[in-house]
Amino acid sequence: MPLITRKQVIPGDVIASGDYRYGSYIEKRGSDYIALRIGLAEVSRDGVKLIPLTGPYIPHVDDQVVGKVIDMSGFGWEIDINSSFFGYLPASFVFGREFSPATHDLSSKFKVGDLLLCKIEAFDRSRDPQISIRGPGLGKVPEGEIVKISPTKVPRLIGRKGYMVNMISAQTGCELKVGQNGLVVVSGPPEGILKAANAIRMIEEEAHLADLTTKVQNYLGAEAQGGE
Amino acid sequence: MENKKKLISDDGVRTDGRRWNELRPIRMEVGQLKNADGSAYIEFGKNKIVAAVYGPKEVHPKHMVLPDRALIRCRYHMAPFSVDERKNPAPSRREIEISKVIREALEPALIAEDYPRAAIQIFVEVLQSDGGSRVAGITASSLALSDAGINMRDRVVGCSSGIVDGQVVLDLNDTEDKEGSGDMPVAFMPNLNQVTLLQVDGIYTPENFRKAFELAMTGGRMVYEMQRKALLEKYFGASPSETAMEEEE
Amino acid sequence: MSAVKKNYVVETLRKAQMVELLAKGKRVDGRSQDETRALKIETRLIEKANGSAKVSLGNTQVIAGVKVATGTPFADTPDRGVLMVNAEVLPLASPYAEAGPPDENAIELARVVDRGVRESEMVDLSKLVLIAGKSVYTVFVDVNILNVDGNLFDATSYAVVSALRTAKMPKFEADGEKVANTGKLMPLPVQKTPVSITMARIGSIIVVDPTAEEEAVMDARITFTTDDEENICAGQKGEAGTFTPAQVMEAAEKAIRKGRELRSVIKEATG
């Protein structure tokens, strides 16, 4: 099986020298590949990759995010999506084309403080992200607890093809709605929520360790057995 | 004729017991403030400085937004109890100038184009000051920026040198800064070999200037290694490791 | 890293969770109604200051520094030294804090803490006179808030009290019309340990030592400072909500009881 070299790097470190394909958070200088973030670098014949361990959420179109309504104007809701920009959910997306501020009351649908599972519909360098709730399962979050993690840890929480998040869900009897922006809604039985929240925090703290999957498995598996 | 106190003894010992090319004791800690996106604490001799970063975040006031890059802001501030005579908390002209030079020392390292229309705010709060607080602040700010996950080409590190009793020395303390005949704070990005801050105060022969400048860079490289250890310890709990492993399924 | 509005908006679901738990006498961080968070006090960390203290109350972090000099007394108290408490919420302490001169919240904070120290006569100002009417010791206590997570009042008060208790001031001597520094150091004339206890009313429940989240949903806030004899020497109700007279008395009783507890913690940390 092919070999990967994994390295712990910080900004300014040379990850590798040579001729490779390379991804985000890396800068090529001559034949050196420089890390731009703190993270885990991987060098393989596929190229040089850096998995950051810290950093902000940058919205991308089609991202599923958990947002909080923080304000509303006549024409839409302002949503805190944990990025450097607020998201904007136009009233017409929710009420339909016949929407008019004179006849439709925004607070009848969503109020300040409501949590929404939503999608980034549009976003580019010239304007704030536009949010939509068109899609299966999107809309106001009716119940559950929020767990906040660094957005850089979300891929680890989801796991390859959803393996990790599905395992947590199965072992705790809880539903997990994961936002790419680092907000996770956990709903289900109280003991399940506690276990799931602990598993999520474990993943956040130890995302850089290789045997994380086993650790989480043991934590959840062992707890489930103990409860019987 | 005034009998001027010697700042270096005849056998080369300075007021705090160091030799000409020794740094003061340095301690670094990363990520101790919960609200800030990134933070660091540094002790450089008696300097005790907190650096914090918020960003990328919204720009206020809105008219200052830059369409293609982040707006970088920096505030250097000294606590009233940080110096011998209590200092008024309102920003002084000195603090405003230092805020600017620190910002300009850090900006070249930040990839501001990755954060258009946003702001990155850097805070340097001096809890105790003892000469060289701006370079210590820059060093701590680099740690805080790394902690916040802002894309950086390299870390910036700062160190000062100067002239005391006619000799070029490394890392001036407060007494040497006040009573010596030259002070030169320098900040640079070691991997890129680019100088981002240089201030010269005092009279230097061309030879002394070259010596002092190179000495500050040498000191800076030692501090750069300490930054590395501090970040690795915070994030990985140990010294750098490299592992070869089988590819995962 | 977020864009922020002026105030912290607590999620409706979270608020409902808080209220539900409170009805059972518990809080979201696992504490009971009257429980205070972990309190850490570190003193004498700023050598250039005459006294200093760094306090963490849960995640709220503050640092206080004492600077003692000499100066003229206030016109209305020629026979007492000068004591001033100043507080600043540093802009790095919270995404909602802004740089600039202290706003009404920071000023209220400084004045309430100052009153607690002054009214309790923690520092015997009559012992800080060098030449009556002309020259007295001036004691400035400056507090910088480093991280906001609720209850700045108590954290600031504990830092001020701890810094004053462990301060070493220069000893001056009157020499005719002038005063001169003898070069010796002495402690401040401290005779009391006032303890501030702040509570928040959320619905009908009064909780001690609120976090930022609890402060974001609270209806009203009240602070009482007690002295070593368990007299109430300062109090302040804050925010636009109200308290019933019974709730005021409940809060006063809690302040005396918790004040007793925390007084021994502070005294031990600054002994």
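Just so it is clear, A, B and C label the chains in written order, and each chain counts residues from 1 on its own.
Here is the rule we go by: contacts are C-beta pairs under 8 Å (C-beta built on N, C-alpha and C of every residue); 3 or more make two chains touch, one makes a residue touch a chain.
Treat the numbers as computed from the prediction; the structure is a model and nothing was measured.
Engineer: A-C or A-B: which has the larger count of contacting C-beta pairs?
Structural biologist: Between the two chain pairs, A-B has more contacting C-beta pairs.
Engineer: Compare the CA centroid of chain A with every other chain's and tell me the farthest one.
Structural biologist: Farthest from chain A by mean C-alpha position: C.
Engineer: Taking each chain's centre as the mean position of its Cα atoms, how many Å separate chain A from chain B?
Structural biologist: Result: the chain centres lie 34 Å from each other.
Engineer: Mind checking the centre-to-centre distance between chain A and chain C? Centres are C-alpha means, answer in whole Å.
Structural biologist: Chain centres of chain A and chain C, defined by C-alpha means, are spaced 39 Å apart.
Engineer: At least two other chains touched by the same residue of chain B: list those residues.
Structural biologist: 37, 55-58, 148
Engineer: Among the residues of chain A, pick out those that touch two or more other chains and give their numbers.
Structural biologist: Within chain A, residues 56, 83-86 contact more than one other chain.
Engineer: Two or more other chains in contact with one residue: find those residues in chain C.
Structural biologist: Residues 1-3 of chain C each touch two or more of the other chains.
Engineer: Which residues of chain C touch chain B in the complex?
Structural biologist: For chain C paired with chain B, touching residues are 1-4, 45-49, 52, 59, 61, 63, 65-67, 69, 86, 88, 90-95, 99, 101, 140, 142, 144, 146-149.
Engineer: Give the list of chain B residues in touch with chain C in this complex.
Structural biologist: So the residues of chain B in touch with chain C come to 33-37, 39, 46, 48, 50, 52, 54-58, 75, 77, 79-86, 89-90, 121, 123, 125, 127-130, 148.
Engineer: Applying the document's contact rule, which stretches of chain C touch chain A when the two form their complex?
Structural biologist: That would be residues 1-3, 5, 9-15, 17 of chain C.
Engineer: Going by the contact rule at the top, pick out the chain A residues touching chain C in the complex.
Structural biologist: 56-57, 68, 70-71, 80, 82-86, 111-115, 141, 143-146
Engineer: Tell me, which parts of chain A touch chain B in their complex?
Structural biologist: Residue list for chain A touching chain B: 1-12, 14, 25, 27, 34, 36-38, 44, 52-56, 83-86, 125-126, 152, 160, 208, 210.
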